[in-house]
Each structure stands twice: as C-alpha cells, then as structure tokens.
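Shared between the two complexes below is chain A, which has chain B as its partner in the first and chain C in the second.
Take a look at the complex of A and B:
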C-alpha cells in the first residue's frame, strides 16, 4: 500500500475551530453598508387563483424601499431540466401550496418589512386542493399545472426485459406495499440570502449553496445578464443535505429587490420558511413484487412507486429514478421492471434529501427479510446471496469497478454479533440489517467536471482555487489534505480560494456525492502538475532527474538519497528568480455515458463509482408504549479509501442520526389541509445528541481504480442503509414486519396489539 | 422573529410588581424566565403592552420546610427543585416532573417552577406563527369560533402540558396568590377554569408567589410522562400519583390521588378512580390495572388532537402511565416499610 503522509490520517478539520468557537460567519451574519431587510409574502392557501395584488399601501409605508410581485419577473421560470421548468420565482396567476411566493418587500428594518407584508392586499379565488398523490391522480378538479393532466408530473419506466418469464421460473413470489411520508432536513442554518448589484451591474450574492456554479447559471438566465456578472460568493454553510442545490426563489427575489433599490438586501428565513419553502423529501408509496429461486436469489422484480412531489417539479426526474437505482446497485436482479410516478400535490415542493427520492424508504430490505423468513434463510445470508459483486454491471448497464459490499455485510455482522443474536434475543429485543448503495456522481453535462488552479506564493505556501463547496461535510479539509499530500506541504501551508464563481472554474458542486471524486481529483491533478514544475526546478538545484525526486514535509529530496534535499520554499524562490512558473492547473471529468437521461434513456454508465454500506441496529421495544431504545448501532461502509477517518466517522454518526434514529423513528410531518403543523424543531422530532446510541463505525477500503487515492462516496451509504436496519430491528423485536414508515410508537403499539389479538 | 414592542419594568420589590400589575392589569405580562411568554409574544399570541420582570425578586426563590408543608417560592429555578433534598424526600413526584421540563440548560438558566405551572395551555393548531394562522379562520383561543383540535367543538380544546402542575396536583398542592389588595390561597384542584382560553382562575393583578405542598406522613408519589425525546419536548400524556398508607396497616392504601395531565384543559384529578384504591393493598395488581383502565376511560373523553401524536395512542397511553406510576409508588411504599 502506498505510504501517504497526510491522506488517510486522522486530522481535525481545518474549519472546525472557527465553527466551534462561534467565529465562523454565516449568511445571516452578513452586514453590508446600507443593507435593507427583505421579506417574502407567501400564499396562505394551498391552491388559489391570484385575482389581484394591491401593493400601494405597502409602498406608502415609510421605510419601505421596494415591493416586487410577479409582474416584475417577466415570467421567468425555474426547473432543473428544460422540460421541467414549471416554477415561477414569484407567482403571477395562481399559488399551488401554502408558502408559495407571492411578493417581496425591502425595507429599512425587519419590523417595517413585516408591517409592509401585512399591507399587501392579495385577492384570491380559492381552488379545490389535493394533498395525496392517489387522490391527485383521480380527481376531477383543476390540475395543479394545466399541462399535466391527472397531476402526473414525471413517469420513469425502466425495463430490462424477461421480467414476466422470470416470474414464471420463480420458486416463491411475494408482493408488498410500503408507505413513507415526506421528511424535512432541519439544517442547522435556516436559509438566508444577501445580494447587491455593484457599479458595473454585477450581481454579488451570498447564500448557503450546494455548488456556487449551480446557482450562478440560473441567476444569469433569470436576470438575462452574462455569467461573469453573477458572482456567487463564498460563505460558511450550515448544512445542505440536498436542500441547497437548486436555486431558491428567495435568491431571485433578494437580487431583484437589490436591483430595484440599488441597495444590498438580505432575506433570512424563519425556521418555518426553511421547512416549508425550501425542499422536502418525497412521500412514497412503493410496491415490490419479487420472485426468487429456492436459494433466495432474486430472479425478477417489479417495482411501482408513487411519489408525492408537491407543487413543482424540482429535481423530479432524478428523484423518480433514484429509489430504483439505489437498490439496483446494491442487489443483483436478473430482471427488473420499474415504474416511478411523481405526482403533483398542493404541498411543499419535494426535491433531493440526502440522495434523491429516498430509496431507503421503499421497503426493499424489509421485503427481503420477509422472503428470507419464508425460505428459512438468515437475513445476513440473504443479502450475501443477492449482493453486488465487483466487475458486474447494474441492471441499467453501469459497470461497478470497485465493490466490497460482502465485506461490509460480514464485518458489520461480526461487530454486531449478529449470529449470536439473531433469533436468540429476549422478547421485544430485536436486531436488523440494512444495506444500500449510493452513486458517486451523475451525468451532469457541461458542469460535470471540475478544474483547479494552484499558485505558489514566494514563501513556499500554496493557494488552491477550486469550485468545490463545503456544506459541513468537510470538503475544504479534503481539498487541503489532497493538495498538501501532492505538493509535499503541510495542511497549514495550503490556502483555499473556493466556492466563488468569480475566482473558481466550473464545478458540479457538492452534488451527487461527487466532491471528492471530481473536485478532489481536479485538485490532485493540478497539484501533480504543480509538483512536476517544482521538480524540474529542484532537479537542477540537486543535480538529478526530476523523476528521482520526492516531496514531503516542505522538502524536496532525492528519493534514494533523502539527505540530498532542498526546501520547497527555496525551490519556489529559485523558480521565480529564473523567470519560471511553478503554478499549474488540473481538471477532472468523470467518464460517464452522456447519452444517459433520466426519463428518455435511463441506461448506460451512470457514474464512475458506487459505494456500499451496511448498518446493523439492535433495539429494545417497550411493548406497552411502543417506544424504542437503540442498544447498539454498527455502521460499515466501503468508501474506496478513507482520506480522513476522523471526518468519515462523523459522517457515519450523522448518517445514523438522520437516516435511522430520526428518519425511521421520530421524524414525520403532521398536516392539516396542506398546512404543516410541525414546521419547527419543537414539534418535528429531530433526535437530540443525548438520545443517540453509541455508534461503531467500520471503514472498508476497496480502493476504487478511478477515485482519488481510491476514494469514492463516503457516508451516504450509511444514511441510506440505516433506515432499513432500524425497520428490521423493530420488526424483529415485535415479530411484525412494519410496512408503514416511520416506526412511530403508535404504529408499534398497534402492531403488537393486533398480533396479540390474532394469536388469541 | 421579533418581539412586539412593549414597555419594560423590573421593580425591586414585590409591592412594586403588584402595583404595576394593578395599574396595567390585562395589558401586563409577567416575565420570570420567559420561556413560555416570549415565544407566545413572538408568535403574537400574546401582545402585552407592559412586561413586568421578576428579575430582582430573589425573595421569591426558596425551598422551605415546616412540619406541615414544603413551601417553594414561585421564582425558584427548576434546577433547585430537582436538587432539593426536601423535594426528593417529601414530594418526589415534583422532582421527577421537573427533571423532564425543557432541557438542562432551560432548567438551569431560565425556567422557574411558577412559570411552569402558569404556562399557557397549548395546542398544535394554536401555538403557530402568524403566517400559519393566516388563510384559515381563527380558532377559539385566537379570537375566533372554530376548533381545529376537535371537529365542531363550540369551545377551545387546548391542553395543559405543564409537567409541574400535574405532579403538584397529585401532591395536593396549594398556591399562594398576591395582589396589591392582599393575598389568597387556592388549592390546585380549584385553580383551573374549564376554559381553554383562560385556563386559570386568577385575576390579572394577581401574582403567584408560593407553592405549598402538604407533608403527609408515609406518603409516596410518582410522576410519569410520555414524549418522543428525552428533552425539549412537552408531554403528550402524563400522570402524577400520590398514595398514602394506612397508619394502622402500612401495606394498605388509605387514600390515593391520581392526576392525568396533557389530556384536558387542566390536569385532571380523577376523584372516583382515586377513591377506588382506598382500602386496597399496595400490591393489589388487579386494583391497579382496573384503576389504569378507569383512568383511561375517564381521561380519554377530554382528549383532542392538540399535541403532536396520534390521538388514539395518547388516549391508550393514559392507562400505561397511570399503572406505571401506581406500580412505582407501590414499590416506593414497600421500600419505606422495609426501612
């Protein structure tokens, strides 16, 4: 194994000190000279025609500097794809969910801005609304979007052929339906945006984002200004989880207010706005029909998934595909047919959360457990019989180069003492396993690749320019580690200029788990090019060949004679005095099938690497109250290569918290007619640190042939597998397979009571 | 979210506070820890023109004991109640309830026992932002004529989610209320109206100054509650019980007080169910089970969808909470006998 000096080491993150000391500055902390306070008027109705908007009283209020409505937007619409542009930034004709943007106000202070919102008179004609996808498809009422009859927004059909024939060959077939409601992110930082136009009509804008370049292009389109005039600036970000990638209407409204007033404007969301007016995870109703042979190997599967998409498309085509993709990557299936439907309802917009479409909530693992029980196969063995193997192709034709799924299953089972526990635990104790696979990247067209520039300063330190953004997962530290490793410097010698569209090249953003694989690889290549230039200079100083040199710990030395060395600082200074550049660039573009498209052609190489995760959970259920105590959690992932095990373990822990403990036990929304009853942290039960179990993290390294140092996605496969491990453990504890997620105490008590009745 | 504008006073004396309350009456809000009031003000559910802070009234922060009672000043921080030996000895149910209030930080820095008892009734349809409350008719408590917690209800169905109140009612506590005209004592049983909009029988010029918990020789008490998280969570159902042993037969219950909280507009003292345990033995499992069932059947009628959990579940859990509280109390009693 290659001996790295910085890669693979447990290094505290470069950004953590500022964050824990409260010194990091977030968008809401920004204060620009002359800055106004922006507020958004939102629809109080789930579905209504806008008959008239009268802003005159608001405009007359002293301190109000501007009011904008749909009339100011020239009707620009947002959608991730050309065929999904269905969301106006400010609505002109009708509102489609409680929270839809109707107007924006900029005023001298928050009180005045809020008072102005009250003075905007909007006349609505309330329309019948639909709140669940099955009703939405069959209602006679006016469709939510005219162009989409039956409110069906997206239909994804995948068919690998031979499904019906293989069902005929199956030894055992079963069909089950699983339901899961929507969920919310509860980022640490509620959404905020600050914007100003400068003297050259350039838009400068700050906001939490999943990739600055993914924000700048739609803003340039919306304002019809060249891309270079949109400068998305870097700012500390308090969590994204997929909810910060798309452009937010508030970005546009804030910029529009700034343009209209000529002053900087800042909009800070309330916690409620962050819940209802950013994105949520899709609610899903999934039916799996699975046919297996006598040994439990899946021969045929037919999956139909109805997804509640809320009021607009968002990343609809992707979201509608991913529940299927996660399972086709994790498990072999001889043949499969998938039909995913994304349906509009008058509820908040559903987009990506962790990955798109919440594959973990579709119940596939629960059904595998059911089949295993019927056939008398242990759930761990059941997974090993169906698990993905390296070198194989997925059902839709992606080759999987590196894969250590079996190793994650076996190591997790050993650490959790699975074989001593499964079937042998006392009553109302249970153990469950979940496995999943996550893509490292998607075909993203022109923004699929990343480029980096590195410049040396005359003191021997380096500045790395990269479009990669850090949402909290440690991307900045990742870039620093890679650059330091490649350049032979120490982490403190590396200075980042990142996540700013003016100074960095295009980058896919922290999206589809691709930051390390693509953005990190771009920095690695740039640094390697930089090092090559350094070695050319150093070789002359040391009177040797460049390829005989090694850089480490701020020194360049002859590999076989380490006593012959020169400092990097001196090398840089010699280069500059000899009119030689030691700066360099590098890029990385993933080799994916660019013809693959979510709806029209869902076949071909989707990404370069896939990671695999297994979570095992052990629980104790209180049979009287249905409350669950988690006794043990083991999270094991094939990450390719752990660049920093310390950061990775943190990702594992967060993933168990979000995917399992919260996602499967306590977190769910309560609604009344499209009005969210628990938009805040008090009533939406995000688990507290003190309620989390101890988590054992196990890192498996398959060393991906294409990833930087062998790395691929890290952490998400735990978020995706944890939920089904929780579901399996609770089901095992109470002896009832649960098909309605999350597993709240009321459902658990009901299941236990129903079982007791049945026994009587 | 911003607070509405108000005038702020922080008098140095009790008399000063009472004079301001007398002067401003309904326009005044009393600020102790503020954990209930300030959130309601931010939501514009309460818009007092005047805030009267108790921050200088350290004389209202104490825990004292006489042979008849434990007395707690209304401004006593929650953490002091939790740590008090007197409370642990004479009123363990109150200590257990206080441990579940808010979170450790709230218990230490802001929350007071008086504030916990006087927190306004809550409802998941009412305790919402102004934005949430637009676009629909206001509910009874919000000045309207609709109840979202219970279909077609002609009055407010908010619930009292105070942990402290349920425990104190089980302990037979009395409140001492002061105004510039004098002071009066009222038992917690009699302190509640049946009105979810104005749940307390208290005048706007009155201030809660003290809570008296009677000491009953040999009595045991327990508080049990259900919520989703270990902290920062209101109870979705809770129960407080106090059992008094027969002085002539320590294995026998002389009297019981069973209170169910977070179900009705006030903590519900279930007199009949309590009565059913008088004369029963502490280890009478059947009697305890029956009491649990009866408690559920009585309390369930008061329940409405006003907290964040399925209603049938909350109703069913009354039985579990009451039985658990009774069982734990019986276990306490048998330990006392063993000693």
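Take a look at the complex of A and C:
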C-alpha cells in the first residue's frame, strides 16, 4: 500500500479554528455599507390566479426603497433541465403553493420591510387545489401546469426486459406497498442571500449553495447578463444535505432589489421560510413486486413509485430516478421494470435530500426480510445472496469497478453480533440490517468536470484555486490534504481559494457526492503538474533527473539519496529568478456515458464509482408507548479510500442521526390543505444528543481504480442504509413488518395492538 | 422607537448601549456589537445556536430581551479564547472533529462550557442531556460528546480520542 504523508491521516479540519472562535462568517452575518433588508411576500393560497397587484401603498411607506413583482422580471422560467423549465422566480399569473413568491420589498430595516409586505394588495382568484399525487393524476383534477397532462411532471421508465418471463420462473412472489410522507432538511443555517451590483454592473452575491457555478448560470439567464458579470462569492455554509443545490427565487429577488435600489440587499429566511420555500424531501408511495428462487435470489422485480413533487419540477428527473438507482446498485436485479412518476401537487417544492427515497428503500429492504422469513433465510444471508459484486454491471448498464458490499455486510454483522442476536433477543427487542449504494456523481453535462489552478508564492507556499464548495462536510480540508500531499507541503502551507465563480473554473458542485472524486481529482492533477515543474527546476539544482525526485515535508530530495535535497521554497525562488513558471492547472472529467439521460435514455455509465454501505441497528420498543430506544448502531461503508478517517466517521455518525434516528422515527411533515403544520424546529422533531446512541463506524476500503487515491462517495450510503436498518429493527422488535414510515409511536402501538387482536 | 441605555459587560468589556425595548439580546450582540458568532437558527428558543452565558448561566439570546440583561455579564463564543489561544474546550472540538458546518458550534461550546463550569466531570449521559438544548444536523453529536468528555478529563485517556495518537502527524 502506498505510504502517504497526509492522505489517510486523522487530520483535524482546516476550517474548524475559525468556526470554534465564532469568526466564520455565514451569509446572515454579512454587513455591507448601506445594506437594505429584503423580505418576500408569499402566496397565502395553495392555488390561485393573480388578478392584480397594487404596490402603491407599500412604496409610499417611509423607509421603503423598492418593491418588485413579476412585472419587474424578464419573465425567465427556471428548470434544472430544458424540459422542466416551469418556475418563475416571482409569479406573474398564478401561484401554486402556500409560500410561492409574489413580491419582494427592500427597506431600511426589518420592521419597515415587514410593514410594507402588509401594504401590498394582491387580488387573487382562488382555484381548486390538489394535495395528494393520486388525486392529482385523475382526469378531473385541476391542472397545475397546463403543459403537463394529469399533473404528471416526470415519468421515468426503466425496463431491462424478461421481467414477466422471470416472474413465471419464480418460486415465491410478493407484492407490497410502502409509504412515507415528506421530510425536511432543517439545516442549522436558515437560508440567506446578500447581493449588490458593483460599479461595472456586475452582480456580486453570497448565499449557501451546493455549487457556486450552479447558481451563477441561472442568475445570468434571469438577468440576461453575461456569465462573467455574475460573481457568486464564497461564504461559510451551514449545511446543505441536498437542499442548497438549485437557484432559489430569493437569490433572484434579492439581486433584483439590489439592482433597483442601487444598494446592497440582504434577505434572511425565517425558519418557517427555510422549510417551506427552499426544498423538501418527496413523499412517496412505492409498490415493490419481487420474485425469488428457492434460495432467495431475486429473479424479477417490478417497482412503481408515485412521488409527490409539489408545485414545480426542481430536480424532478433526478429525484424520480435516484431511489431506484441506489437499489439497483446495491442489489443485483438483472430483470427489473421501474415506473417512477413525479406528480405535481399544490404543496412546497420537493428536491434532493440526504436520504432520498426512504420509503422506497425501506420498503425494498423490509420486503427482502419478509421473503427471507418465508424462505427461512437469515436477513444477512439474504443480502449476501443478492448483493452487488465488483466488476458487474447495474441493470441500467453502469459498470461497478470497485465494490466491497459483501465486506460491509459481514463486518457490520460481526461488529453488531448479528448471529448471536437475530431471532434470539427478548420480546420487543429487535435487530435490523440495511444496505444501500450511492452514486459518486450524476451526469452533469457541460458542468460535469472540474478544473483547478495552483500558483506558488515566493515563500514556497501555494495557492490552490478550485470551484469546489464546502457545505460543512469537509471539502475544503479534502482539497488542502490532496494539494499538500501532491506538492510535498504541509496543510498549513496551502491557501485555498474556492467556491467563487469569478476566480475559479467550472465545477459540478457538491450535490451529487462528487466533490472528492471530480473536484479533488482536479486539484490532484493540477498539483501533480505543479510538482513536475518544480522537479524540473530542482533536478538542475541537485544535478539529477526529475524522475528520481520525491517531494515531502517542504523538501525535494533524491529518492534514493534523501540527504541530497533542496527546499521547495528555494526551488520556487530559483524558478522565479530564471523566469520559469512553476504554476500549473489540472482538471478532471468523469468518464460517463454522455448519452445517458434521466428520462429519454436512462441507460449507460451513470458515474465512475459507487459507494456501498451497511448499517445494523438494535432497538428495544416500549409496547405501551411505542417509544423506540436504540441500543446499538453499527455503520460500515466502502468509501474506496478514507482520505481522512476523522472526517468520514463524522459523516457516518451524522448520517445515522439524520437517516435513521430522525428519518425513521420522528421526522415528517403534517399538512392541512397544502399548509405545512410543522414548519418550525419546535414541532418538527430532529434528533437531540440525548436521543442518539453511541455509534460504531467501520471504514472499508476497496480502493477504487479511478478515484483519487481510490476514494469515492462517503457517508450517504450510511444515511440511506441507516433508515433501512431502523425500519428492520423496529419491525423485528414488534414482530410486524411496517409499511408506513417513519415509525412513530402511534403507528407502532397500533401495529402491536392489531397483532394482539389477530392472535386472539 | 425610544431607546433606553443599558450596561452590558460583554466578554469582559463593559459597554453602555442604547437599545429599543423590543430588542433581543441576540440582536444587540449581533447587530450593535457585531459579534456574529452567536447565530439565529430558529428564533424561538429551540435550536440553541444563540446560546450565551448571562452571569455564567446559559440562556437563549433570541428569547432574552436586551433590557433583561442590563447590568449583566455576557459571554459569547468570541469570549472563549484568550486572544489567539483557544480554550481547551475549543481545542478539543477541533481535535475530535466535532465541527462540521459549524453553525451550531458557538452555541454548543457555550452550553458545554456552562456544563463543565458547574460539573467538571460529567458522565456521558449527563453530558448528552446538557447538550440536548442544542441542535446539530451534521454530526449526530458523537464527536461533540467525545470532545466535551475529553475536555472534561483530558488526563484520563479518553477512549474515543484517537487524535493524539496520530493527529498532526505529517511525516
């Protein structure tokens, strides 16, 4: 195994010092001279025509500097794909959910801005609204977007053939339906955006984002200004979890207010706005029909999923596909038919979330447990019989080069004492296993690759430029580690310039789990090119060949004669004196099938690597109250290569909390006619420190042949598999296979009661 | 709106500030004093991101009126370090990887300090309870609990602390 200096070490993160001192600035902390407060007027109706908007009284209020409505916009519609452009940043004709943007105000202070919102008079003509996907699809349902019949926003159809024939060969077939409502991110940081136009009419803008370049393009489209005039600036980000990826209407409204007033404007969302008007996780109704042979090997599967997409497309085609893709990666299913429907409803917009498709995945794993029980097979063995193997192709045609799925299952089972516990636990104690696989990247077209530039300073330190953004997961540290490793410097010698669209090249952003694989690899390649230039200079100083040199610990030395050395600082200075550049660029483009498309052609190489994760959870359930106590949690993931185990463990632990503890026990939204009843932290229950079990994290390294140092996605496979393991553990504890998630106490008590009555 | 002068000793610096009667302590800290380490995450006293010490006791600055703090000593996250020297608690958060997005970190540090000031060697259960008024969405609390436990008993060879074995090892 290669001996790295910095890669693979437990290194405290470079960004943590500023954060523990309270010095890290988030968007809401920004103060610019003359800055105004922006607020957004939102629709109080789930579905209504806008008949008239009168802003005169608001404009007349002292302290109000501007009011903007749809009439002030260029009318551009946003959509992630050309065929999903359905959302205006400020509505002009109708509103489609409670919270839709109707107007924006900029004023000297918050009180004035809020008072001005009350003075905007909007005349609505209320339309019939639909709140659940099954009703929305009926022919007499009110159309939410005229161009989408039956309110079907997206239909993904995947069919590998032979499904019906293989069902005929099956020894045992089951069909079960599973449901889960919407969930939310509840990022630490509520959304905020600050914007100003400079003297050259360039838009300068700060906001939490999943990729600055993903923000600048839609803003340039919306304002019809060149891309170089949109400068998305770096700012500390308080969590993303998939919910900061797309352009937010507030970005545009804030910038429009800044343009109109000539002053900087800042909009800070309330917690309620963050829940309603950013993104949510999709509610899903999923039916899995699975046919197996006598040994439990899946011969055929048919899955149909209806997803409540809310009012607009968002990442619709991706969102409709990913729950299926994660499972086709985790488990072999050569013969499968998938129909995923994303349906418009008059509810907030749904996008990607850390545990995307909890009902889907938990349903599939629960059904595997049901089948295993019927056949008398242990659930761990059931998974080993169906698990993905290295070298195979997924059912949609992605080759899986590295895969240690079996190792994660076996190691997790050993650490959790599965075989000593399964079937042998006391009443109302249970143990469950979940396995999942997550993509290291989506096909991102023109923005699929990343480029980095590195320059040396005369003191021998280096400045690394990369478009990669850090949402809190540790991407900045990852880039610094990679650059330091390749250049032979120490982490403190690396100055990072990142996540700024003016100074960095295009990058896919962090939202498809691709930052390390693509962005990290771009920095690695740039640093390797830099090192080559350094070695050319150092070789002359040391009177040797460049290929005989090694760089480490700020020194360049002859590999076989370490005593012959020169400092990197001196090498850089010699290069400068000789007018020789030691700066370099490098990039990385994932080798994926560019013809693959989410809806029109969902076949071909999806991404270059897949992560594989197994979580095992042990619980006890109070049969009287339905309360679940987690006794043990083991999370094991094939991450390819752990660049920093300290960071990876943190990802695992956070994933168990959000995916399992919150996602499967307490987190969901309640609704009344399109109004979210629990948008705040008081009503929406996220896990607390006292709720969480101690977690055993196990890192498995399959060393991906294409990943940087062998690394691939890390953490998401745990979030997904944790949800599945929690579902399995509770079902195992109460002796009822649960089909409605999350597993709240009321459902658990009802299931126990129903079971007792059935026995009587 | 009319303002009223109040006196606060913030991070050992005494100041007199004109505040409005409806200003919260958080607004005064963030907007008047530009101490933006304390965060507003929910505005209703649930998330704990705005936690500060008021005369040594942890309070939600978003639910505390500035007028209530008149004459009090306030400690914010900016007051934990001695110039550039971090407190052992801050250093432990860094060493244990307890910081991810960092938004909850200031409030979490203040709650942890309040706990350790009152009970220098809490067991892990006590520690979890004491931190349960601070919501973190990134970490699952595991490394935060490790960090506080280690800060409480650095000499006891914290079993979950591997950092000292290999941390800072760049050779």
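We adopt the following convention: the second predicted complex is superposed on the first by the 750 of 760 C-alpha atoms of A that agree within 3 Å, B and C clash if a C-alpha of one lies under 4 Å from a C-alpha of the other, contacts with A are read in each partner's own complex, and residues count from 1 in each chain.
Everything below uses one rule, namely that contacts are C-beta pairs under 8 Å (C-beta built on N, C-alpha and C of every residue); 3 or more make two chains touch, one makes a residue touch a chain.
In this text the structure is predicted, and so the values were computed from the model without any measurement.
Peer 1: For A:42 in the superposed arrangement: first (chain B), second (chain C), both or neither?
Peer 2: The answer is first: A:42 touches chain B but not chain C.
Peer 1: Check the residue A:745 against both partner chains and state whether it touches chain B (first), chain C (second), both, or neither.
Peer 2: Once the two structures are laid over each other on A, A:745 reaches chain B alone.
Peer 1: More chain A residues touched by chain B or by chain C?
Peer 2: Touched residues of chain A are more numerous for C.
Peer 1: Would you sort A:666 into first (chain B), second (chain C), both or neither based on which partner it touches?
Peer 2: first
Peer 1: Scan A:187 for contacts with chain B and chain C and give back first, second, both or neither.
Peer 2: It touches chain C, and chain B stays clear.
Peer 1: In the superposed arrangement, does A:690 touch chain B (first), chain C (second), both or neither?
Peer 2: both
Peer 1: Who does A:491 touch here: chain B (first), chain C (second), both, or neither?
Peer 2: second
Peer 1: What is the contact status of A:471 with respect to chain B (first) and chain C (second): first, second, both, or neither?
Peer 2: second
Peer 1: Looking at the overlay, does A:270 come into contact with chain B only (first), chain C only (second), both, or neither?
Peer 2: In the superposition, A:270 touches chain B and chain C alike.
Peer 1: Just to be sure I read the superposition right, which of the two partners does A:682 touch: chain B = first, chain C = second, or both, or neither?
Peer 2: In the superposition, A:682 contacts both chain B and chain C.
Peer 1: Residues on chain A in contact with chain B in one complex and with chain C in the other?
Peer 2: On chain A, the residues that contact chain B in one structure and chain C in the other are 270, 681-682, 687-688, 690-691.
Peer 1: Would you mind writing out the residues of chain C in touch with chain A in their complex?
Peer 2: That would be residues 30, 34-44, 46-47, 49, 76-78, 80-81, 86, 90, 93-97, 99-106, 109, 127-129, 131-132, 134-145, 162-163, 165-171 of chain C.
Peer 1: Considering only the defined contacts, which chain B positions touch chain A in the complex?
Peer 2: Per the touch definition, chain B meets chain A at residues 1-2, 124-125, 128-129, 131-132, 134-136, 148, 226, 228-234, 308-310, 312-313, 316-317, 320, 324.
Peer 1: For chain A, which residues are in contact with chain C within the complex?
Peer 2: The contact residues of chain A facing chain C are 5-6, 9-13, 15-26, 28-29, 31, 185-190, 236-239, 241, 270-271, 471-474, 484, 490-491, 553, 646-647, 649-650, 653-658, 661, 680-682, 686-692, 694-695.
Peer 1: Tell me, which parts of chain A touch chain B in their complex?
Peer 2: Against chain B, the touching part of chain A is residues 42-45, 98, 110-111, 114, 270, 272, 624-627, 666, 670, 672-673, 675-679, 681-683, 685, 687-688, 690-691, 744-746, 749-750.
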